[in-house]
Amino acid sequence: MINKNPYIPVPVKVIKIIDEVDTHDIKTFRLSFLNKEDEANFKYLPGQFAEISIYGKGESPIGIASSPTEKGYIEFTVMRMGTVVPGTVTSALHDLDEGAQIGIRGPLGNSWPIEFLEKKNIVVVGGGFAFTTLRSLINYMLYEDNRKRFGEITVIYGARNPGLLLYKDELAAWQKRSDIKTIITVDKGDESWQGCEGFVPAVCKEIAPSPQNALTVICGPPVMIRFTLPVFFELGFSKENILTSLEMRMKCGIGKCGRCNVGYKYVCSDGPVFSLADLEELLRDFATYK
Amino acid sequence: MSFEPKILGIACNWCTYTGADLAGTTRLHYPQNLRVVRVMCSSRINPSFIFRAFQLGADGVLVGGCHPGDCHYNTGNLYARRRLAVTKKILEFAGLEPERFRVEWISASEGNKFAEVVTEFTARIKELGPQQKLKIDELLEKI
Amino acid sequence: MTDFKQIENSLKREAKKLLESAEVPVVLAYARGYDEKHPMPFAAKSVADVEKIVFNEYCNFNMARYIMRFPDAAKIAVAAKAADSRAIVVLIQEEKVRREDLVILGISASGMKDPKTDQLIDSRTTGGLYNPVEYDILLGEEIRGQKIVSPYEVLAEYEAMDKEARWAFWKSQLDKCIRCYACRKACPMCYCDPCFIDQNKPRWADKAPQSPGNMMYHLTRFHHLAGRCIDCGECSRACPVDIPLYLFHKKVAKECEEMFGQAAGMKLEDKPVLVDFRVEDSDQILK
Amino acid sequence: MSRIGVFVCHCGLNIAKTVCVGELAHFAAGLPDVVVAKDYRFMCSTPGQDMIANDMREHRLDRVIVTACSPLMHEHTFRKVIEKAGLNQYMLTIVNIREQVSWVTGDVEEGTTKAKALLNGAVYRARLLAPLSSRVIDVNPDVMVVGGGIAGIQAALELANTGKNVYLVEKNSTIGGHMAQFDKTFPTLDCSACILTPKMDAVLQHPNITLLTYCEVSEVKGYVGNFDITVRQKARYVNHDKCNACLACTEKCPGKGISDWDEGLVKRKAIHIPFPQAVPQRPVIDRDSCTYFLKGKCRLCEKVCEQKAIDFEQHDSFLNFKVGAVIVATGYDLMDTRPLVQYGYGKYPGVYHALEVERLFNSAGPTSGKVTMRDGKEPQAIAILHCIGSRDKNHYEHCSRVCCMYSLKFAHLFREKTSADVYQFYIDIRAAGKGYEEFYNRIIEEDVKFIRGKGTRVAPSVDEPERLVVEAEDTITGKFVRLPVDMVVLSPAMVPRNDYKEIARLFNLSTDKYGFFMERHPKLAPLSTMSEGIFIAGVCQSPKDIPDTVAQANGAAAEALTIVSRQKMELEATTALINPASCCGCQNCVRVCPYGAPFFNEQKGVSEINEALCKGCGLCASVCPSSAIIARHFTNEQVLAEMEGLMEF
Amino acid sequence: MLKKISIKKISDLAVALMEKGTLLAPVKDAAGHNFAELKDQQQLDLNYYNTIVSPKTVFLPQKEDFIKYETGKPIIEAQSVDLNIKATFLLGVRPCDAKSFQIMDIHFRASGIIDPYWQQRRDATVIFGYAFDLDIPAQDADFYQTLGIGAADPEGSDVFMVKKGEDLLLGAVTPKGEEILAQLAMLGEGKPADKKYFEEYIKKGSQHQTRNMCLDPQVIAKKLEDIFHSGEFWQAQSAACLSCGICSFVCPTCYCFDICDDTLFSQGVRRRVWDACMFTDFTLEASGHNPRTQVYQRLRQKVCHKYSFHVRKYGVISCVGCGRCTKYCPVNIDIYSIIEDAMKA
């Protein structure tokens, strides 16, 4: 935690805004800290999130999309929330301009269990917007000093159509690399689309990654998760080796405000990353997978 | 210096707002304490707007609509009449001076009436003095 | 004095009949709470449940608010005292429930008590009626000859106050509010979910329990209940800090009755006054 | 976080003389989110507009505030400007510092202070503005006209002649309406049939008109441009395609029924055509008087019909039509005067009402135009009583407008066709109309007796029992008059058709206290109604004479044309929207909306809004207890924010 | 250390404490007693059973301002509202409430990230516990015995007060207590008889009858997990529940809060305010989707949080049996009975 008072955000500056998708409702914000010491204190790992804070609008918990290996900035990919009534914070964020100053609290929550991932083959499965912290993880693992710590890396990422894919340039770059297997799929391609078509679960079945010394990290819309999990069970992945990240309404982000409990765990402080095994023994009246 | 009240006006687009414009085009002078919000119909006025106006520090609130029967939307102001009447009673029983809240039917042709009403109302509010009751004096007010 | 035991028995009897006749899956009544003095609203769903039903002078809950909890129940039977029945009538006027979907077990009762204070619940804090205005079966005798005191009599004292005093009174009262929202939840007419005050677009008022927000919440709520409040006094009995909300509701009800000539929840065919109008309404009401 | 541009107009000296515009612009520049603020002599001028457009590009503005004259003046102009510069037109806010500031004060300080407050409010509001897009819908080019009287006929022909397809719905078996019952028309006394029947025939012949007689509208769905109307074709039991109108059937038919057409003065056959010039020239069987339907045997008509056109198996059928606009011209009835027992209508055979008399005069009528009474005698003295039930607080307060004139016409015709003395009992004669006063004078010449006083009572005469006595107070002499006559003619109030309630329900029209349909605006929109795309013409709107009716019919046709002549039409963008997550299903909106735009979705348990019907008044938003309704462009937040801004300084 | 003072002279104690810092004690108003800062020593009044709202308000006020900001101004100009807390004396806390502070401590300062506001307030405060009057039977709603708390349980207090006839005995429980008692000159020394009385009173306290059942935290926690998905159980228990917030607001161990920004005329403050799991917007998401719409889900969350989740996470039940939720529930829902039924279920 950056600040001695965990409720007070530290100031950051928006140095870059990337419009990610055709629908223009998902943008990536690159932030840099106004105070050096804050930057130094902001030590995070892939999978963690932070509370983005705009005074007068409120706060919103958002997964960190950049990798700690990227220096000088952190990135968040944000979707404009709300169908009829726009989400206060997210739409305020989308109205921001480069140069704007906002607040940030974090890093918060646990992370993808790096030690646990080391030496293993990693299958990263992502769907649509919920690819942000996976991107962080992938870039972390691909970082030259880190790459050797991990086994084979397979990325299966799908979106409804090509226009809705995040991080298009990076995806392209990964596909060129030999040390990572990247499969990009869309439900429905357009004339210009070269890649594969089909739903993520189907593609996973097709790729059929081996469960040997492997684990999978899954984030996506509930429906994708629902149909993908059985595939991995069939392939022989154990519940301990299937990791995911939960989404839930949060406020404080530090396990105090009592809002985001899943059974006896708080998603914000004990999560958001859980293995299926963890989730099994948690009582869930709700809490959607992310 | 003398007390210059802040008066919030909410005027329907078709009658009172047009009437106010007419007052202008006919160069009728009236006090400048009134600040008008334009809505399409007096029936758009949510009672909470009135409460909020006083909380925001309005010393008086003036609502203007079409004469009953002439509503651009046929029956809007007939609903408004009932709702705003209740609003007034509530303010009164809460202990606010009911004169601080006034509803007038002013047609598009009644520029002079608009000017008269504003002049008269402003004078009345000046007599009443500042509205301190509902006004939010301090945001960080303690419990 | 009302024979509560006798009503309890007939309540059980009717509930049993209805539940046996399978046409009514739910009977809304009262059951024993953690002690005699604290009964609870209760939904009997089986003949076995019927034994749990009680009725005594502390069963003052307005059962109308539970009716909407059973959207898929074909028919609902509900024990209804005078106030409850008026609430039900309003709900029917507002099409939240259909008359034909209800079996109203009317209860004529006098001598209900507030367990907190053990005081009689009468026209000072409620509408003060003894007999239900609408029912299918009347349990117990209709109460006649009881002197009917106008529910508005208590207002005289407050209407007599000068503005400053009245403001001081309400300010001090409403400042006590801790925003637990028991008033709106206890109110059979407050069925909005979410309530306007929960909205964040717009935020009508801050969440913190301080003057401005409290004022906005309560004043607006008084307005939302204008011509709908049936003066059952539940809001005030529910309030943990004893704010006499019923006074304000009474006043608004009185004004509505005088302006629009209609008391809330008395006739099925009425339309709530604020979603209605008469061309001949007088502009005097705005003066 | 928005990027607001503020543009302050001097309007020459109009604003600049009492508002310190420079200071105002400077003030604006200091407000949060305002990235550029300028003042200029004439914002609405081309250079002014260009300045705005350029600054919008240069500063990537997403909201524009023009501080100038009233929005009612130039909102449109500036909306176009920012639209051209690539911004949604609803991202504009106008601050009215001319009509409502500079022109209403002489004091510069006052003016400037107020202008600042208004501007600040605008900035608060602008931050919350959202782009809106108005929906465009296809418009069905066809029109339906309901009612086949002179109004309906006229409107149908006008529209058809412009090439539009028209469906003309008439509930009787012939078109023509009341006008076809008349013999002569005032003041010109030309024969009604002579001027009407050609039009009736034109309707029948017109390629663009689908004539739907013996039909009633049974359901109306949809909205302006896209009405979906179901019409019930009542069973005629005669196949009109086969029938060649030889009318052999009508001769043989034993069934006897009351002739509504002749106002019940005579009987007609069960299978019948109402009158010789009926259009279409095709008989129908009236179930209630048909021997076969009553007794189960007969079918004579079937036997005599060579065309085999009789079909007792026929049933009511339902036809469906899609139209873009509707003209309602359902006409009138005469008030039933039986309840006014003092006039003894229905009690004394000598008492007639106006339409009966029209039939008596008509050569095609029951008496072939001879004025003989029910007892066959010719009247020697006739009293015509005006204002029966109309201009009468106890019944209908309105004046039926035509009674005076047709009563004068009756007088003339009586004098022409009989030797009887004719007496007019009137309150006063209303002869406002082209040639009317002249006609009045002419009748006076014709030695008709005028008694100024309303007939108060009609009773059998004591000394001559078969005659009647009319009582009245002559308000000129002040004397009480008791006048023995043979025939009494009542001029009853004109009232809406007995089925007006049903029509109003179907087309969602409002009615006045008598049941006449309400126009959208009594002066400025007398033919349109609160339901967009539905127009009214003729007496169903209010009593009027034939010329006015025809004029209205043409007007209504033109109004309908303005809708159906375009392929597409734009709907309001500033409509209301319901947030289902917040809607508590109280249906207040449904109850109050004058346009029936909100409706309750039973499945979801929430209300929804048919944007095609919404006019954006915002009433629903203010009666919504859970603030679930978003009145676009006047949302709760926007109004609250503006208020906050206005009250800040 | 044991001190004593005549109850007649109690206002002297008040004066002394008010000199040293802020004195908070039960103050009477129309509705009943509530903890409030004493402005006048005469307000001090020990004739109460217990307060309406629990003394958690002292450490977790219903409204806590974090930051003042001004919209449109650079974020760095926003300044956090620092609480400069002076020494506080919380006098007249009943044993069950005193215990609640320890339970809340686990959440706010003993695990995970420390809540600075809670911590600073706790550190600055000396708690004067006050034994229930053992001559008066416990109220029907109470069940602190079930939670292993005695009517005269000094645990959680720094100083513990016991009434002895006309006198008030004050015994130090913690060093903090020792310290303050030592400073209070107007207090008399407790005689051995007093000491005896004091200790016996505490013992007697554990015998003082409230509603009582044998309740093992681990057992009830497990039990609730087992019946968590039993719809009809929770449906039945919540049949009367209005899902208002009274139970949470009066509860000494409910800590859920919301963080919101309130802005007026571009002056704003970010603050936390109490929230309750019973409220609609507690779980309402920005998308407008609300996963916990049913009353039974909310009641289940509340009960399970206190008796199961909290046990799993922190090892203790987060309930002290003060009976407030039962007492103030408008429809007399009784958490004790729910737990009873749960055990039977």
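Order of writing sets the labels: A, B, C, D and E. Residues in every chain begin at 1.
The definition used in the following text is that contacts are C-beta pairs under 8 Å (C-beta built on N, C-alpha and C of every residue); 3 or more make two chains touch, one makes a residue touch a chain.
Quick caveat: nothing in here was measured; it's all calculated off a predicted structure.
Novice: Treat touching chains as neighbours: how many steps, at the fewest, connect chain A to chain B?
Specialist: Tracing touching chains, the least step count from chain A to chain B comes to 2.
Novice: Among the other chains, which touch chain A and chain C together?
Specialist: Correct list: D, E.
Novice: Would you identify the chain whose Cα-based centre sits farthest away from the centre of chain E?
Specialist: It is D whose centre lies farthest from that of chain E.
Novice: Determine which of the two chain pairs, B-D or C-D, is joined by the larger number of C-beta pairs in contact.
Specialist: B-D
Novice: Suppose chain centres are the mean of their C-alpha atoms. Which chain sits farthest from chain B?
Specialist: A
Novice: What is the distance, in whole Å, between the centres of chain A and chain D, each centre taken as the mean of its C-alpha atoms?
Specialist: So the centroids are 62 Å from each other.
Novice: Please tell me the distance, in whole Å, between the geometric centres of chain C and chain E computed from their C-alpha atoms.
Specialist: That gives a centre separation of 32 Å.
Novice: Using the average of all C-alpha atoms in each chain as its centre, how far is it in Å between chain B and chain E?
Specialist: Chain centroid spacing, chain B to chain E, equals 47 Å.
Novice: Centre to centre, by mean C-alpha position, how many angstrom separate chain D and chain E?
Specialist: 70
Novice: What positions in chain B touch 2 or more of the other chains?
Specialist: 47, 52, 56, 75, 79, 83, 136, 143, in rising order.
Novice: Listing for chain D: what residues touch at least two other chains?
Specialist: Touching at least two other chains: 579-582, 592, 623, 627, 636, 640, 644.
Novice: Would you give the residues of chain C that are in contact with at least 2 other chains, written as numbers and ranges?
Specialist: In chain C, 193-196, 200-201, 204, 208-210, 274-276 touch at least two other chains.
Novice: Give every residue of chain A touching chain E within the complex, in rising order.
Specialist: Going by the criterion above, the answer is residues 1, 4-8, 11, 34, 55-60, 81-85, 87-90, 101-103, 249, 251-252, 254-259, 261, 263-265, 269, 283, 285-288.
Novice: Where on chain B is chain D touching in the complex?
Specialist: Those in contact with chain D are residues 6, 8, 13, 17-18, 20-21, 23-25, 27-30, 32, 35-41, 43-47, 49, 52-53, 56-58, 72-76, 79, 83, 115.
Novice: Considering the complex alone, what residue numbers of chain C touch chain B?
Specialist: That would be residues 158-159, 163-171, 196, 204, 208-212, 215-216, 219-220, 222-223, 226-227, 248, 251-252, 255-256, 259-260, 273-279, 281, 283, 285-286 of chain C.
Novice: Along chain D, where are the residues that touch chain A in the complex?
Specialist: Answer in residue numbers: 1-3, 62, 577-582, 630.
Novice: Which of the residues in chain C end up touching chain A in this complex?
Specialist: Its residues touching chain A are 200-201.
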